[in-house]
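Per-chain numbering from 1; labels A, B, C and D assigned in written order.
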Amino acid sequence: MAMIPGDFSQSYERDIAIFRTKTQWVVMVIGLAIMLTFPLFMSNYWLSLFNFIFVTVIAVLGLHLVTGLCGQISLGQSALMCVGAYTVGVLSVKFGISVWACLPLAGLVTGLIGMIFGAPALRVKEFYLAMSTLAAQFIIVWVVSHLEEWTGGQLGMYVPPATIGGFSSASPSNLFYIGFILTIVMIAVAKNIQRTRVGRAFIAIRDNDIAAEVMGINLFRYKLLAFFIGCFFAGIAGWMWAMYLQNINPSQFTLKESLWMLGMVIVGGMGSTTGAVMGAVFVRGLDMIADYASAWAGTVFPTIGEQAFTAFSLIIFGLVIVIFLIYEPRGLYHRWELFKASYRLHPYAY
Amino acid sequence: MKNRIKLVGLVLVCLLVLPLLLACAKAPSATPAATEKVITVGYLNDLSGAISCCGIADQVGLKNYLQYIQDEKRIPGVKFDVVSWDDRYDVSRVAAGYRYLLDKGVNLIVTMAVHQSETMRPMAVADKMLILGYNTSELNIADPIWCFTQQPLTENANASFFNWVTQNWDYQKTGRKPVVAEINWDNSMGKAGAKGAEAYCKSLPDKLDWKGTIVVPPGTMDFSQPALQLNQWGCDYVFSTMVNGPTTNLMKEKNARGYKFQVCTGGWGFVCFKQSKDVGGKDIDGLYWISAEGWHTDGTAGLKLADTICRRYNSASDIEKLGYLENICYNFGLVFGMEVEFLVKGAISAGLDPTNSEVLRGQATKMKIDPQGLYPPMTWSNAKGSGVDKLRMYQIKLVNGVPEPALITDWFDVTKYKK
Amino acid sequence: MEKSDNVKLKIENISLRFGGVQALSGVSLDLREREILGVIGPNGAGKTSLINSISGFYRPQEGDIYFEGKKITRLAPDKIAELGISRTFQQIELYTGLTALDNLMAARHVRMHTNFLDGAIFLGRAQREEVQHRRVVEDIIDLLEIEGIRKKVVGALPYGQRKRVELGRALALEPKLLLLDEPMAGMNAEEKEDMARFILDVYDEKNIPIILIEHDMGVVMDICDRLVVLEFGRKIAEGTPDEIKMNQQVVKAYLGGD
Amino acid sequence: MDKIISLIILGVMVGGIYSLIALGFVFIYKSSKILNLAHGQFLMFFAYVTYTLISQAHLPFVAAVIIVLVLSALVGVFVERFTIRPLMGQSILATIIMTFALGFIVEGIVILISKGYYASLPAFLPTGMWKLGAINISHQYLAILVLTLLLFAACMWFYQGSRAGLAMRAVAEDHITTASTGISVAQTFRLSWVIACLLAVISGLLLSSLYDVHIDLAGYGIAKGLPVILLGGLESMGGALVGGLIVGLAEMFGAGYIDPLVGGGFREVVPFILMVLILMVKPYGIFGLVKIERV
């Protein structure tokens, strides 16, 4: 956390806090309060877009913990979301468990499944590990679509909305509140894990697994733990996804989505919680802009045809990642830090 | 270098700010004359993915027909507008598309595949948005019904194909039952089709020798093993619930190896003759148009209308290039357009507001459709619960580049075999 | 400085092979509770392999290693670190993406006890623990005079400072035995002097035995209490610096000839 | 019995196609340690371009292929220069993501060209077949298998026997040392990308002689290519060949015997299950290089 000139931490508690000054607290609280008023004036489209972004942010945070912090490339995040979503679906529809109780259960079940696919990390590294998570992507979706008695297979299944009294998550504005709180909590959890013992162990493994092992970090246990936590996040995202769509189907969880999430982690800046959030928001925003740009271009150049705009959105997304990797490999977060630094030091360059 | 980084940073900041600007900007709305009502039709379908050959033609058909209504002044005082969304046959893009269309203020949404309308259904019920689909599932037409479809349940469509097989198989001459099987995509459509076919064939054990369903994932290219399996089963007829690209791959495999079974397809498979010709050079063994009761009964007249409209609104080169006239999906687009026309007309004649989705839905459940004799009346309300039950089947042949349907089996009441 | 004769680390006859290469053969040595033991020898003599075997990174095929009377030969590296054996590396092996402070905190890992749930909640146990261990780490930072680079990412630091951070990281583990693998490699005379001073400071303040691998004879002779000489994986001599200077075999090993 | 033999024959034939796809991955990985996730998209792209040249520009098949080969070399040079070289020295993950972004761009371009329509190249391989009792062997598959083997032989010769191949092996070992011995690392990288693109053209054409050209071809490339190279070991061309055959056979037997038990689609996951199992036993694939760690 960058320092404000002339402001020095006088206790370690304050030095390690996320928000070290009153101003930062006030800004944050006002920001959150403003966001909470969104459902009052925003159309369903925007709320629903936000809900979609919440799902993505939570899942990407999980990926950030596994890949950004612990350095274990995971190509199966979307399939693990599928596990979370189907945990809710099966438990609530077949066993009548309350949808709210399914929230932690979805996380736990997904975490455990994720550990199974993280287990090759005992012996396998880098690409080879990435490929075993790729196997997770294919195997999970296949299993889910073939457990037809439980999941309804390819025909999909309806998930009841989460309700308390008259409050039902079926409306986008109510889901916005749930998603908003969930996202804030998950961001805080991710950030807290990152700055305490376990998070440092993850980064140690990422940066230098040999040294980490010799300095007392059990590689296997911590890699598994990383998979558990990362997949826990995926499970929560899956719950949110089930609430968002209310109709889940194995084909909603594609390899492409998993790869996009990895792209979001990169665009945001590897190894930073803020970066992961920024990456998710940025890429989803970009996607949406591409939609609108397409629609606009459709009215201006009606001869191109709508599919051309899908093409453009793919090309734009690809180009943005290429540009980021070449010119800003440390991601949006780094750019943001530079911006903050230059703002603080204005008008002096250094 | 330094400047370049700055430039990139600037561009990125702009990209971040853009959504905010867009949020503030008002959606561009055409300001019609005070007396004109604008009906915005949302079109959500695959325009660049696995079934795009179908989606594109369908979209063009819909647009052409709505233009035709306007030009012919079939509904005075109403303008039509189409907003499209390309979901690339990817279910994860459907929800975003639904919201996008809603934001554009559509009055109803036209879509195609089961998974598309199924994914939208919970939201559509919550938002009270009418959805017109092409094919459907039981889940989709359960109460409260907001999704209406032109076609029977995929289950019933597949069953009616095997019904045709029993009617036309020469039991005496061959002295045996026909050996039949299905080959399907591993998605909702394929699974539903397999379910119907299996239920039907197993209900007639003395008439059909049912071997089973082979499931291949969407995107499969290589049919060597499935074709071998079908051949080893000794199939006479194989019904394919896939779009026509993969079916042609299966055909190529079959022809290359000299297998004997007949590949027939209906539902989606028969949509793109042009594609089929480009791809395989040979037609699929049998193409069947399975029609619900009350729809497309006079197919020839429908195709004539399609010909007129298509030539009126599209350049000759487009017709040639994209093969609209050889693409039955173009007709489906027209039928979607007709559906919209009926709903709006009905609403207006009842003195209701046609831009209200709930009103349109009310029309859909109650109204008798009477498009000036072209299509005989039917009700949509009987679709509730079990889908359209009575089916008849046409075989499609290309005659001078224009598909000509020939009625090959008359009404088949699919509810009968279920008992 | 009084000498204690209690044996802290006992290595018995260990042999280590990689395929056909014999890295160590039958090496034995004792480390007393209070001494700096220098390990010297030409390149490829097996010095680093010896340290790797002690810290559990390599597993010798034969022989045993005892630490405080406990057999540690087959233990995993992290278990050995938990027992209190800490080390530095020949090529610096820091956590390059972390700040100097966090590198040290990461080494406190085995001394900290909060799990990820505490960490996720942060307030309460995890925060108290962070602060408590931060104090220990700050002491080490003071000792090694790296206050100024506390919050710098170590990947970008100059070589000398990184070496110092690495020493700090080894200390942050609160070791009972410190293994230093060429801590002065690639340094100029002044930096070497600083480093030697730090090593002696650590030795005095923390009261722990040290095994030191070093090529610079001057430094080794100055600060080590005892020396072990390796050649081609064998121990060829052992004794005080003065004895080693006189040893013919050692001279031969270093100068060559018959 | 007929079924088993037929399945073995199919497995070998299909496995040959998988090896062909995997060869492109392995070639790039061997010479520059980059896993090219865009290989599938490149296959599809070049197949589409060939189709477009034939159907729109009405070129004869051979001319179209020659043009596409030249074009692919240019694409290789371009991709290497503007996307891969700037990443030198960055993490492995960065290069993976870069190739994946390239895949997106290529897919977008293909949609622009094709609008998602299926396309089909004219048949250029023999289409007959031999019948041996109930078993038949399609000439087309056989031709592809033979061409694949030839291609493998050529690549192996190039890599082991030619000067450029030697340079590639050296570059793969260590950039800096190699540069100091007077070999141009950049040139070697460029060459390896050019060759990988040429391989993409050839395998794209061979694939599209069997199947329709469609967007799905890209996903097919990845889903089939990756398990094969992981099984065989990323660094080994021989491994790619063997891995392809293993995957082909496993798929055929999985589909032939296990599918009826589990309700279909098992073929798709067999390679992955196999891959995970083998990685647990041999973490660097069957023929991969085992890394010795040292500090």
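Methods note: a contact is a pair of C-beta atoms (placed from the backbone, for glycine too) under 8 Å apart; a residue touches a chain by one contact, two chains touch by 3 or more.
All of these numbers come straight from a predicted model, not from anything done at the bench.
Asks: Chain with the smallest distance from its CA centroid to the overall CA centroid?
Replies: So the chain nearest the centre of the shown protein is A.
Asks: Of all the other chains, whose mean CA position lies farthest from chain B?
Replies: The chain lying farthest from chain B is C.
Asks: Just give me the whole-number Å value for how far the CA centre of chain A lies from that of chain C.
Replies: 41
Asks: Averaging only over C-alpha atoms, locate the centres of chain B and chain D and give their separation in whole Å.
Replies: Computed value for the inter-centroid distance: 35 Å.
Asks: What's the distance between the Cα centroids of chain A and chain D, rounded to whole Å?
Replies: About 32 Å separates the centre of chain A from that of chain D.
Asks: Of all residues in chain C, which are in touch with two or more distinct other chains?
Replies: 57, 89, 93, in rising order.
Asks: Two-or-more-chain contact residues of chain A, please, as numbers and ranges.
Replies: Residues 145, 210-211, 214, 305, 307, 310-311.
Asks: Could you say which residues in chain D touch two or more other chains, in rising order?
Replies: 111, 115-116, 219, 263-265, 268, 295
Asks: Spell out the residues on chain D that touch chain A in their complex, using ranges where they run on.
Replies: For chain D paired with chain A, touching residues are 35, 37, 83, 86-87, 90-94, 96-98, 100-105, 107-112, 115-116, 219, 222-223, 226-227, 230, 234, 262-266, 268-269, 272-273, 275-276, 279-280, 283-285, 293, 295.
Asks: With touch defined as at the start, can you tell me which chain B residues reach chain A in the complex?
Replies: That would be residues 4-5, 8-9, 12, 15-16, 18-19, 22-23, 28, 47-48, 52, 56, 59, 83-86, 88, 90-92, 95-96, 99-100, 102-104, 115, 118-119, 121-123, 126-127, 137, 139, 186-188, 190-192, 218 of chain B.
Asks: Can you tell me which positions in chain B touch chain D when the two form their complex?
Replies: 46-50, 52-53, 56, 186, 212-219, 221-222, 224-226, 228-229, 232, 244-245, 248-249, 252, 256-258, 272, 275, 278-280
Asks: Using the touch definition from the top, list the residues of chain C that touch chain A in their complex.
Replies: Residues 55-57, 76-78, 81-82, 86-87, 89, 93-98, 102, 105-110, 112, 114-116, 118-122, 126-127, 129-131, 134-135, 169, 173.
Asks: For the complex, give me every residue of chain A touching chain B.
Replies: Residue positions touching the partner: 43-46, 48-49, 52, 145, 153-156, 158, 170-171, 244-247, 249, 251-254, 256-257, 282, 285-289, 291-292, 295, 298-299, 305-307, 309-311, 320, 323, 327-328, 332, 335, 338-339.
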